[in-house]
Structures are given as structure tokens and as C-alpha cells.
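The following pair of complexes shares a single chain, chain A, combined with chain B in the former and chain C in the latter.
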Partner chain A sequence: MNQLRYVYAVTRPFDGALPEDLRGIAGEPPRLLSHGDLVAVVSSVSADDFGEIPLRARLEDLDWLTGTARAHQGVVAALTSITCPLPLRLATVCRDDSGVRRLLDTGRERFVRTLERLDGRVEWGVKVYAETPAPEADTPAESASTGRDYLRRRLSERRSREGTWELADAVSRRLHEELSRRAEAGMLHRPQQAQLSKAPGQNVLNAAYLVPREDSTAFIECVEGLRPDQPGLRVELTGPWAPYSFAGEESDR
Partner chain B sequence: MTVTRPTPLAQREIALVDLLDRLLAGGVVITGNLTLRIADVDLVRIDLNALISSVGSGVPSLWEESP
Partner chain C sequence: MSNRQLEGVAGGLPSSYGASESANLADILERVLDKGIVIAGDIRINLLDIELLTIKLRLVIASVDKAKEMGIDWWEDDPALSCRARRGELADGRGELADGGGELAEENERLQRRIAELESVLQTGDERRDPA
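Up next, the complex of A and B:
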């Protein structure tokens, strides 16, 4: 079976070893490939999955994508407890070890610069959800005795939804502004679709912030301190993540 | 408004969407002469978008050029 090299992350040389029971994609143990002053964390993957043609089909398979993404994250998460890894984008594949070395050579300057920028930093995710009242079904409810009552109620529901939206928008802007000031960097992901996230409410803000690891507690407190008391809004914090959202250069985003 | 305090990532199941936001839109993207990006990712993108509209603009994947 033809084997390719999957590259999870690039790091500086570090003391210590990967956990022995750590498994990456397809259950393969990841290993360190040192080259010059950089280390690539790699494992063997089958060309039947990661070759150019099969990979397109695999990426459309949500179960496969889920397993692959979780395995990638598992390796990066294990690395974050040992060093500060520079995570690569999902499905970065080379033909063999010498291909990985060439990848390190070619990107060396950029890897070194980015590793320096991200050293000791973690990423926190902050999402704001608006929980608007669900629209009523189109059949007039029993409680609406007249058509006019019905219309009046629909209008008030709509206003309430719009009010929640406006509020969510204002809160999100303020939160993002404040947190961006507080963090070393901030960036916005696209709001998540409820059908995939299965989270209640509508995602309004989906942001990531780069924070020195030791400032994490203060950052979390800052998020909590900024919460207004309006109902219908929910703020969700995730992390600490490896700095995935800040690993690219400006030109990649 | 409530703030959900995070539990360390290692101790709970990470939401797939949060992960895909980072793995498909974040991370270092390798480009250059030695690597080849899939030019035609439309199929992948369409299907992924149907399921995962939250992710980034493409699903690049990289190979070295054949010698």
C-alpha cells in the first residue's frame, strides 16, 4: 500500500517525547521528523485515502472528515502540553519524508517567524448567540379570537425578534471591540449554522482571540465582566486552543 | 445573558463545527513551487457547504508536484 506523510504541525525542537499512547489519523502513532532547527510532526497515511483523487471523495464524507479532524486536533492538543506547535491546515500531505524536509526548507523563514509570534500564546473562542422567540405556525392559534388579534400578535413577535437581533448585534460589536483590545489579536470566523452546530439560537458572533497563556484567566474574567443582563443572549467561550486561527499570515486569511 | 465557562478541551467533546472552523479555515497553508493545491475543489466545496456552511472558503490539500 502506498504511504504518504501527513503533517500535523511544525515546532521548534523540544525536550520530552510524545505520549506513547498518542494516536493520529488511522490510528497511526505520530512521530517527530527533525530537520535543521525545525521539527515536523508526521504520521503515515494511506494514498488510498489521502491521494489527490480519493481525498476529494473522503472530504465529502462527514464521518470520515470528523474522524480525521478529531485525530488532527488530538495530536495538536497533545503537542500543546509539551511545546507551542504551529498547526498546519487539515490534510497537508507530502509524498515521503524527504518531501516533508523540503516543506520545512521552503517554509523555514515563515515557520520561524510565525513560531516566534505565537510562542506562549493560546487561542480562545468567543461566540454570541441570539435566542429569538420561535415564529408561530401559520395557522391562527386558538387564543387569537379575531384576525386583528392574530396580526397584532404576529407583529409584536416580529418586533421582539428584531429587537433581539439589534441587541445581539450591538453586544457582539462591543464585545469584539473590547476583546480585540484586550487580546494580542482577534479574528472573525463566519457565524455557524444552527443545523450543523445543533446549538440553540442563532450564532451572531464567532470570534477567536490570541492571548498569552498566562493571561488566560484575566481574559476569561474580562469576557464575563462584559456580559450585559439582557435575556435572549448567550455567550459561549471555548478553549484554550492551539493558535489555529492565527497560524496563517495575513495573506492567507 | 449567560456566559458558559469553558471546561478544558481535553475533558469534553469539542463541537465539530468549532473544530472545522479552525482546521479548514485556520492553520498554516503551504504554498509554493513544491506543493500543488487542488485547483478544482468545487465538488468538495459544494457538498461541504451544504453540511458545513461555517467553514472557510476552500478545502486546500497539498501534494508535492511529481518529479
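Up next, the complex of A and C:
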């Protein structure tokens, strides 16, 4: 079977080894490929999945995408506890080890610059959820007897939720302002619908912060100190992530 | 372990707050697809195709139910809430009904145009692509 090389991340050479039981995509153990002063973290993947033609189809398969994304993140997360990895975007694939070396050569200047910028940093995710009263059933517009009724109902629903939203907005602003000051950098992601995490409520703030590893505990305490005590608002913290959200150059962020 | 509310933190670097294997899939996808370093490997798929995929996920072309289940249907949030929250303008507009919907439709249109562009680029690429 034709094998390709999947590249998860690029790091500086580091002390310590990958956990023995670490598995990447398709259950393959990742390994380190050193080239000059950089290390690529790679594993073998099948050309049946990652060749140019099949890969395009696989990416449309959401179950496959889910497994691949989780495996990618699993390897990057393991690296994060050992060193500061630069995570590459999902599905960065070379033909063989020489291809990986070429990739390291091509990107060397950028990798080195970014590794210097992010060295010793991790990313923390902070989300705020507002639990607003549910809209009156899921009635489609057609069921309102007139357009005017529909608009009136929507308006009243909106007003009833407005209080919670304003509060959520105020809390989110304050949190983001304060945390941006604490962190080296902050970034806003699109709010998520939270079906997967089964977290109730509407996600109103979805932010990521770049924090020196050793400041993480203080950062978390800061988040905790800013946790709102109003009912209906919830703050969630995720991390430590590899600095995914800050790996791009200023210009493409 | 999944995302959890803040709890007391013992000293040292806390090991994990939901960035583990069972983390919220939406958190993972927004990072591994949308973020991270973009560099072309030998299998040249990751640039346009991934952008296309990301946009398609946003537009729910791939699969509405699955995407919803994954919590990445942000495109169909209540537009007034999500758009304003994103720009930190939540409290500014009061009682508007039409405004947010227009924004969403506009973004939708923009993304559809981008898909058309990308698909035409990819097709041209296919024709040019060396079969070897």
C-alpha cells in the first residue's frame, strides 16, 4: 500500500519523547523527523485516503473529517505538554520523508520566526453563554395569521431576551477587555452553536488568548475572578491549546 | 472530560480544560481547519480545497443535521445576536427586525460567490494538473 507522510506540527528540537501510546491518524504512531534545527512531527498515512483525488472526497465525509481532526488535535495536544508546537493546518501531506524535508526548507524562515514569537506560550479559549428564554415554539412564519402578527411576536420575543443579551454583552466586553490586557494577544472566533458540547444557552463570546505557559494559572484565576454571578450567564474555559489561533502571520489573521 | 465550568485550580499548569480528546468538536474544527500554519505539502489540496470545505460547512451544503450536531451551524444563528456579539455591538441596536437578516443574507451571498470562484479555479487546476 502506498504510504504518504502526514505532517502534524513543526517544533524546535526538544528533550523528552512522545508518549509511547500516542496514536495519530489511522492509529499510526507519530514520529519525529529532524532536519537542521527544526523537527517535523509526522506519521504514515495511506494514499488511498490522502492522495489528491481521494482526499478531496474524504474531506466531504464529515465522519471521516471528525476522526481526522480529533487525531490531528490529539497529536498536537500531546506535543503541547512537551514543547511549543506550531500546528499545521489539517491535511498537510507529503509524498515521503524527502518531501517533509523540502517542506521544512521552504517554510524555514517563517517557522523559525513564528516559533520564536510563540515560544513558551499556550492558547486558552474563553466562551460566554447566555441562557435566554426559548423563543415561543419553533413556529414558522407562515403559521402567524398575518405578517404583522408575526413581526409583533418576533418583536416581543426579542424584547424579552434583550435584557439577558445586554447583560451578556456587558459581561463579554468586560471579560474580553480584561483578558486581552492580561494576555499577550487576544482573538475573537465566531460564536458557536453548542449542540455538540451539550452546553445549554447561546454562545455570545468565543475568544482565544495567547498566554505564557507560566502565567496560565494566574490567567485562569483572573477568568475565575471575572465569572459573572448573574443567573443565565456561564463562562467556559478550554485549554491549554497549542497556539493555533496565533500561528498565522499578522497579515493573514 | 468535556468543557466544564470553571472550578478551583490547583497550583501549576492545569492539565486540561476541555482541550483533550473529548473536547467540543466545534472547538477543534475551528482550530484545525481555520487556524494553524498553511503550507503546501506535495499533495496540493490544502489551500483552496480546505477553504472551500470550510465555507461549505458554513453554508450547510455538506450536511445540515450533521453540522448542527457538531455545533458549527453558526451561520444560521439568530443573525442579530451572532453578528452583533461578534462585533461587540450587542447592546447598540434595539428592536430591529430586518437588519440582522440582511447582514446574514449578504454574507451568504458573498460566500456563495467565493465558492463559485474557488470551484472555477479548482476546475482550471484539474485540467492543468499533470497526471504524473
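Here is the rule we use: the second predicted complex is superposed on the first by the 226 of 253 C-alpha atoms of A that agree within 3 Å, B and C clash if a C-alpha of one lies under 4 Å from a C-alpha of the other, contacts with A are read in each partner's own complex, and residues count from 1 in each chain.
As a convention for this text, contacts are C-beta pairs under 8 Å (C-beta built on N, C-alpha and C of every residue); 3 or more make two chains touch, one makes a residue touch a chain.
These numbers come from a predicted model, not from an experiment.
Q: After superposition on the shared chain, which partner residues are touched by A:Asp229: those of chain B (first), chain C (second), both, or neither?
A: first
Q: May I ask you to decide whether A:Ala77 touches chain B, chain C, both, or neither, giving the answer as first, second, both or neither?
A: In the superposed model, A:Ala77 contacts both chain B and chain C.
Q: Check whether A:Arg182 is in contact with chain B, with chain C, with both or with neither, and answer first, second, both or neither.
A: Once the two structures are laid over each other on A, A:Arg182 reaches no partner at all.
Q: I'd like to know which partner A:Thr217 touches here: chain B for first, chain C for second, both or neither.
A: A:Thr217: touches chain C, not chain B.
Q: If you tally the residues of chain A touched by each partner, is the higher count for chain B or for chain C?
A: C
Q: Quick one: is A:Glu162 in contact with chain B, with chain C, with both, or with neither? Answer first, second, both or neither.
A: The second partner, chain C, only.
Q: Have a look at where A:Arg108 lands relative to chain B and chain C in the superposition and call it first, second, both or neither.
A: neither
Q: State whether A:Arg153 touches chain B only (first), chain C only (second), both chains, or neither.
A: Once the two structures are laid over each other on A, A:Arg153 reaches no partner at all.
Q: Between chain B (first) and chain C (second), which, if any, makes contact with A:Val171: first, second, both or neither?
A: Only chain B is touched by A:Val171; chain C is not.
Q: Quick check on the superposed pair: does A:Arg95 touch chain B, chain C, both, or neither? Answer first, second, both or neither.
A: Both partners, chain B and chain C.
Q: Name the residues of chain A shared by its contacts with chain B and its contacts with chain C.
A: 10, 52, 55-56, 59-60, 62, 65-66, 69-70, 72-73, 77, 86-95, 99, 102-103, 106-107, 110-111, 114, 124-125, 189-193, 196-197, 199, 220, 223-224, 227, 234-241, 244-245, 247-248, 252
Q: Spell out the part of chain A that touches chain C in their complex, as residue ranges.
A: 4, 7, 10, 50-52, 55-56, 59-60, 62, 65-66, 69-70, 72-74, 77, 81, 86-95, 99, 102-103, 106-107, 110-111, 114, 124-125, 127, 151, 154-155, 158-159, 162, 165-166, 168-170, 172-173, 176, 188-199, 202, 204-205, 213-214, 216-217, 220-221, 223-224, 227, 234-241, 244-245, 247-248, 252
Q: Considering only the defined contacts, which chain A positions touch chain B in the complex?
A: Listed in rising order, the residues are 10, 52, 55-56, 59-60, 62, 65-66, 69-70, 72-73, 77, 86-95, 99, 102-103, 106-107, 110-111, 114, 123-125, 171, 189-193, 196-197, 199, 206, 208, 220, 223-224, 227-241, 244-248, 252.
Q: Spell out the residues on chain C that touch chain A in their complex, using ranges where they run on.
A: Within the complex, chain C touches chain A at residues 2-6, 9, 11-21, 23-33, 35-46, 49-50, 53, 56, 62-63, 66-74, 77-78, 80-82, 84-86, 88, 90-91, 94-95, 97.
Q: Inside the complex, what are the residues of chain B that reach chain A?
A: It comes out as residues 1-6, 8-10, 14-30, 32-35, 38, 41, 43-44, 47-48, 51-56, 59-64.
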